[in-house]
């Protein structure tokens, strides 16, 4: 049984707490949060202790920590937990600064136990099935990847302000998908972005609508479309063109019900947002971490993967400003 | 907390045990099975006691029993559990004999606690969404209902022999769906059937391929297509034509992945069989029973519903033999 | 060049006139209609002569006649045209009376030139592709056929009165599809019908909603769903379950455009009615007749096919009344 | 009746010849081609005269010319035909050189009769329906346009050599679609391309796989994906995200037939290539030109539209080389 300390009892921490509880091989031992009520409520639900973050990391009876605290604490907590010999699963991103992320990577290079980054989408059953089909050669050699990634509605300006911008906060998932599918880090990045959804986002110097193109050393190309608003709900799709065909992941809808009427044939809306769409992915992600913690499998998403995606985000951010393609340096 | 005794630790009992355990408002207290190893294994997994069926029913600390034992024990166990003041959820059917089911209905008419029959499909999120849309008037008045219900592969002859035949064993679910959607019991039933899938099924006097038409007093019609074999997997769909349009539930596929190649565009297979397709339905069914057991809601599937579906199955079985439409008598 | 006389300049006659004109191997030589204006207008459009029906049949310079006149003239005109040595394409049905159709079949058995019946659906590219795939063994042995056939809106009572009823007028197409796909005539027919769409149809003794089940000698089963009203437009689909899988023809929609909005994902409506849905089928039907008239191919739909479908319609009509399955006698 | 001279009897000339013949308001009067046999064969099929290009342009009895000759003759022939007072429909592009196209635009600015460019896709019923739905405000304000445009197989190197490259030859259609839908010319263009499909294409200095991003002055963004090879056939789709939803045009498949088997659910392949996919578009394009020639409607695709698309193609070609975004200058 893996005894887990959860650092952060917010929205995503609650998702993880439930999955830790439901997984037959892990148990939620302790919870910390800077809001005591949040920690109390969550700990109470699963019979866990409320502790400070430092206490949890120092406790030898805790095998692993799940870091679901604010982004600016991630790198520090990863380093501390690794130093204390814990297995670590940290929500993305490592940090908003590539330099800090690189330092964290260096500091944890010799970690004795697995350190994993929470890129949830890799664990979506649909994306995973596409990856497997591609790996099995079903479309030959990959050539052109297209990722569609639209949120249902923009976050509040208060969040945008500390988010690191659309590329570091949102598109970073899609950059990771591209690296994961192509098994490589792109050489160059070109991005165009604008603020069409919410003028406040533009006023903060960020974009809410963007297209990023990634060029890989061997000529493969990936293109990512992002928008902070899709009136119909979360839209998360992939199309991968290869020499022998096209693999696609369609969006996931709430039901298979459709209604034909004088207005046309109307199917269900997509799952509203990531908590619904990726509910199964979070379960699989946790099971995958548990397996790594028990030494049964490699960590499927490494700190290096987090660094790579962040480096692309940094390049995309620079490209929108300069209008030129930007080299990715990692 | 609802303390539950599970009677039967087979395939479907195991599904229920897990859902009883996961539901925050119920706990698996005891398990019985005529195979001690089966009871032991399941009880061990969820920290439950192994007891005899009679002990469980007699135990005042048990609030509810879930009957997942062989069909020929259902009616007796329902009656005993009701007599002992338990809330009861029983797998379908009540019995293979309509007379016995009617007797059970009479015997349990004054039950103090809820008695519910496990027609799992009503709890499928897709079918439930169709029902809700229909109830909301989205297609006006219902006129013509079509249910497609194909199993992936035929059961072994040993099962067929004791199953009561395709109509009582398999189509009974679809008959319940028709009654549920139309809010009525049909007046007449006409069925045609043959044995095309497995000659052994025919040799046992049963059919493996059938079409049943239900005629309701006000002229509405429902048609059910059944086959014991669909090479592509479980196929469970509904189409309901109304005065203002058509509501459909499409099959549920394993993923949203598709592959376009020189051979065409290939999407995922459907979920393989009922354990996969109705996994979410079983969870919702159990939550619904718990709510009824706590007096928060009506029992959504009554013993009378089980009797009605069985009466239709009996009529369909007779119609295949006589070649004429048969009145439904309940 | 096949010189064609068109008997009947109504809605369907106009469709045929255009296709006769566009086919590089046929020319519209003459048109007759009991309404002189209709004949004049159509003949004028394609530089054809206006003649009486008798003149056309008597004219040795006319190679073929297309009979698109009222149903009660079909059998007489087929016989006269055959006697005059013409190749004949006649709109369905041969007659509303099975006895008359059988007499026509007998009278034309020794026709020297092809006599073809216009079951347009066989020529629909989608249905034809399903037939070809089935013939190629893609789903093994056929077992259970389901045909959905809904009109967008009911015809006026004046039409219903002379139509011969839903089974002879509308479902006859679907009966032909079943015989065509299964390569056999069913042994028994059972039907249920009611009048839910338009009470005037019921008052005329007809039904507007029906389910017909066909039982073939070797146990194969076909089921036909008919409604005179689908608020969303024409609905013409086939599903054929075989030992190795399922072949389906989906409905044909006006466009591939869809719109995702807060209300769901809405695709285009189906083609409105048969003139739109079967536009390509009529072209292919005509080309197929021309090939037969030139002796290059067998007639793809024979008078016997028309007789068979009518016999099924007669049995279905009787079954609705008697409530029993009715033997098909041809 | 519009009397038409066709300049060029190749593959696309043959498509136009048929549509000119079938349109009730136009007639094919004369055909020219540098290969006499080609001109003879086509003229023979439609009872047209074979003439030289100069004779056709000089003939006062010819009302309109359709230019379907090699690209390097387009601009000259447009100018000559306009000078001779003809209505002109010219296949895209005007020329491979933007300077020459601009000169042609200047020379034909005062044309007395319509001059139209053959961007066939605008006349595809699906794309036209998307445009109409967008114009009707169905998704609010447009924000992010994505066009997928893959050919089934690369052209031979001999064609690539004279084609002007992927952007001028193939993507130019998609650039026109973007301008047409957004009603504007983009301000800046960024493109990445590589040669992954056929190394000979790379050796000729061209690309066969490319992503082009267009940035419009008001912040709207369009992205075009191109490949010279899709193993499954022609792939032509549009997705347009707006403030209130998403409009999509799906690919057009050969049939609506699908097959469910142990391997999954396989639908039909897309229409193979542009002659099949855009067959209806060519008919509508011609009808639209005829209406313009008769003064009933504006020319729907102007020479200026051709210039704009070419300017974008030129910018994209430059961007692939420089790695920077390039301003569009028209």
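Labels A, B, C and D are assigned to the chains in the order they are written; within every chain, residues are numbered from 1.
By definition in this document, contacts are C-beta pairs under 8 Å (C-beta built on N, C-alpha and C of every residue); 3 or more make two chains touch, one makes a residue touch a chain.
Note that the structure is a prediction, hence the values are computed from the model and not measured.
Path length between chain A and chain C in the touching-chain graph (shortest route): 1.
Among the pairs A-B and A-D, the greater number of C-beta contacts is found at A-D.
Rounded to a whole number, the gap between the C-alpha centres of chain B and chain D is 57 angstrom. For the pair chain A and chain D, the distance between mean C-alpha positions equals 41 Å. Looking at chain D, residues 139, 230-232, 235, 244-246, 260-262, 268 sit in touch with two or more other chains. Considering their complex, residues 139-141, 143-144, 146, 148, 150, 188, 190, 192-197, 209-211, 213, 215, 219-221, 223, 225, 227, 229-232, 235, 239, 241, 243-246, 323-325 of chain B touch chain C.
Across the interface of their complex, chain D is touched by residues 230-232, 235, 253, 260-270 of chain B.
Every residue of chain C that touches chain D in the complex is listed here, in rising order: 22, 125-126, 129-130, 133, 138-139, 244-252, 254-262, 268.
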